[in-house]
Amino acid sequence: MIQDIDVKAMKKNAFRVSKERGMTASRVRVPGGLVSAKSMARIVEIAEEYGRGEIFLTNRQGVEIPGIHMEDMPKVNEKLQAIIEDTKINQEDTSQGYLASGTRNVVACPGKRLCPFGCYDTTAFAQRMDHEIFPNNRHVKVAFTGCSNDCAHVALNDFGIIGMTEPQYDPNRCIGCGQCVDWCQRRSVSALRLEKGKVVRDEDRCIGCGVCVVYCPTRAWTRSPEHYFRVKIMGRTGKQNPRLAQDWLRWVDEDSIVKIVKNTYAFIEEYIDPNAPEGKEHIGYIVDRVGFDEFCEWALKDVELPEKCQRATRVYWDTKRYDRDNNLR
Amino acid sequence: MMPSNNPYIPFSSKVLKVIKHTEKEYTFRMAFGGEVRPGQFFEVSVPKYGEAPISVSGIVPGESVDLTIRRVGVVTNEVFEAYEGQSLLLRGPYGNGFEVEHYVDGECVVVAGGTGVSPVRGVVEALAASATPQDKHVIVGFRSPNDLLFRDDLARWENLVDLILTVDGAPEGYQGNVGLVTKFIPGLPLRDPSTAQAIVVGPPPMMRFSVKGLLELGLAEENIWVSQERKMCCGLGKCGHCRIGEKYVCLDGPVFNYTQSKQLLD
Amino acid sequence: MGYVLDGEGLDGLVRELARDYLVFAPVRKVGAGRFTDVDQVIYDFVDDASQIELDAKSDYSFKELLTPLSQTLFYYTEDQVREAGGIGSAGDPAREGDTRDVLVLMRACDLHGVKRLDAMYLHNGPEDSFYRRIRDRVHFVLLGCPQTFEHCFCVDMGSNVAPDNWEFSLERSGEGYACAVENESLLPLFERYATASRDVVPAHVTQNDVHVRVPKTVPLELRTSPVWDEYNHRCIGCGRCTLVCPTCTCFTMQDVAYTENGRVGERRRVQASCMIDGYSTVAGGASYRKQHGERMRFKVLHKVYDFRQRFGYDMCVGCGRCDDVCPEYISFAACVNKLSDAVDEWDAQHEGSVARDA
């Protein structure tokens, strides 16, 4: 049998090239990491019918179904359709499976839907973000986490979004028991102190994690009606210069974040290295090359940051450049 | 200060005299003309710092009460700044106190440790003035010779009642008794332990072991009296801190008969 | 007399009542819960029927009106002590100068709770002036309780039927709202807003899902029994159980200086909890009940034994808020039942010598 396959097109269609000639793996996108039990069963079905009965759970909350013969890709795409519709993935052409794979699955911890510390609906925001940015071939990683614990490891993404709440204090409900102070110290950043029997919050130190609210026994501490976010940018793994994303914005709102991420695609188109392998380059390297101010210019185009939002005008990523120095010290 | 029916509002009382026992223990003689008995206590109120329950260590009826205070916290620190002629704010007296008359006839043992001497000082004075002072056995213990309180009284009592003064520990060469108060209980020369009365006041472990010693000596449970000390925020049976079981130390105590106090579990 | 009101009628009634009275009722505070986007039902002042949460059990009780979480007692100046005037922290400090009487909407269990608060603040030693001042202004509206909530055990505590100290009752009914009116002076008001009059008997709970067996007597020996041991590691000593309790009354004094030199300040009292560190700590640092199991014993025995020894009836009214709120899923009800089992076991082992406490 002749095997004449456009591998580049296949990859964009979310099928992997594998070690084993003629065999591929189907990459199922699960924005926010939440999949219905029904679609999970569909994934199982594909694995059993076209794969070898195995499923890889990926680091980015998708799944990969290995052991698929390349000639079965159209049939698998047909089977994937119900999953794609169920997970509400954008798709202009409903007969071709996934329309891109460059922009990676949007990751989210379970957030407020499950976790007592989650400051917002991470799943919903991840799904909204996926809807705004997918399909796109550019290599962009976005991740959402409910609080500063960063269980979703957003610091390894181009855009890491961390939930914040602004603790609201009612001194009339405070009995000065000091539990918030104690837990803030033990679980967070020691932003609280007792003064004259009441609690004082160091607004600058506070990271908006909401630990005080969780532990307050009287509801003296409550959450702000608004959900706020901290945005870390340009984190990455990789061979040359892996680094953790650094804080850029805090106390920012959801709509601004969506605009910023969308704007970044235009920045990439403008400045990406034309020789980047497979047209993929971590945005951070582009920023390193063209300058942080230029990035800000593009990313913040038509964005009106709320008054409360604080923005770092300089961001430093202090990490090892393996492409320059691979010594252990 | 305005007179008020509000029991939380303290009244002003002049410091007539400050007697310094040790660096950490002073007695403040406060002007007070009302009724009060040994074993009762006042809330000493220092606005901006708080209140502390302090037992009455001496009474001149119609004139004054003595409050012997150990400097252990923010409130007592402030009180120590008070000088003669100045005024302090008080609430009280609170609690039942000792019925002194109950102890003056017949044999009686008083065991007191440290500031526990304060509440029984008035009782000991009454025992010393009784018809049979020789039947009154008073064991007083302090941590060290430097911690002695009421030195003048101790010297006076020495000649009136059967006084055993002891210290937990002392530098070499110290002439007096050394050892815990409990050491001296078995040797008490009681004629009829079964009818003797006893009062025990001091830190909780000292009270526990003293009562044990007295029971072993043959004293009856119902003849033993103890005075309890607990955290208090009001002295009025409201704040709850001094509750032990169904009893409130501020209302039902601080003096409890042992038959009752043995039922109380913190 | 009983009346039936429609939604409009209730609106008018509450609006008119709120002119003559401060109205203190359970209110759903959207998003005010511990966790993100979770509501909390807390008592607050209302001037509109739509603000009243009629259907859910309140997470915190009415007691915050009578014994505020934080209440200033005195203000100090250089040489003066001035008694604080307001009704305290409940709601909005702007209401401090408001001297109107207060209507408090509450369920039968909480009405029984008032009797417990009265016992402590009015009858245990001298009267508490601050409590008396607000208590004299408080009148009750009974919220009919057609069925039990989760964790309630009012029937077993005998607090499912309200005592007779309410002005009128209020509950949903097929026609809208039903009210029984006990205070005759309110009849004209109801005549004005009711759509009909008929006999109304306030609904009360007759069956709970949770059952609690209260021990008749607790031998001294059981107060140090292994029953309490599990709570040493389970309980975190956060005190939420006592802060939501309608019958817990403890407080701690706080003195505060406003200025560096300490010449001006205030004395206030804040609610205290026997479950929280520091409750029994005396000046100098010594404390009783360091173990959480000991604190659990202290609390539980007070609720179902010690209080009864002093006042003749149990302190706990079975509202179950403690079980609703515990972050460690410790059930007070389960604890009381474990205690009763232990008492039964003890009694069986000591048969013949049981006359002691009876």
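Chains: A, B and C, in written order; residue numbering restarts at 1 for each.
Methods note: a contact is a pair of C-beta atoms (placed from the backbone, for glycine too) under 8 Å apart; a residue touches a chain by one contact, two chains touch by 3 or more.
For each chain, UniProt lists the protein as follows: A = assimilatory sulfite reductase (ferredoxin); C = Sulfite reductase subunit A.
All values reported here derive from a predicted model rather than from experimental measurement.
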Identifier of the chain whose CA centre is least distant from the whole-structure CA centre: C
Two chains sharing the most contacts, counting C-beta pairs only: B-C
Chain located farthest away, centre of chain C (Sulfite reductase subunit A) as origin (C-alpha): A
Chain B and chain C (Sulfite reductase subunit A), separation of their C-alpha mean positions in angstrom: 38
Centroid distance [mean C-alpha coordinates] between chain B and chain A, Å: 68
Distance from the mean Cα position of chain C (Sulfite reductase subunit A) to that of chain A, given in whole angstrom: 45
For chain A, residues contacting two or more additional chains: none
Per-residue overlap in chain C (Sulfite reductase subunit A), given as positions that touch at least 2 other chains: 252, 254, 256-257, 272
Chain C (Sulfite reductase subunit A) to chain A touching residues, read off their complex: 29-37, 40, 42, 59-60, 68-70, 89, 93, 238-240, 243, 252, 254, 256-258, 268, 270-273, 276
Chain C (Sulfite reductase subunit A) residues touching chain B - in the complex, by the definition given at the top: 73-74, 76, 81, 83, 120-121, 124-130, 220, 223-224, 249-257, 262-263, 265, 267, 269, 272, 274, 279-284, 287-289, 294, 298, 301-302, 306-307, 309-310
Touching residues on chain B, where the partner in the complex is chain C (Sulfite reductase subunit A): 1-2, 4-10, 46-52, 70, 72-73, 75-76, 89, 229-231, 233-234, 236-241, 243, 245-246, 248, 250-251, 263, 265-266
Partner chain C (Sulfite reductase subunit A), residues of chain A touching it in the complex: 112, 116, 118-121, 165, 171-177, 179, 196-197, 210, 213-220, 222-223, 225, 227
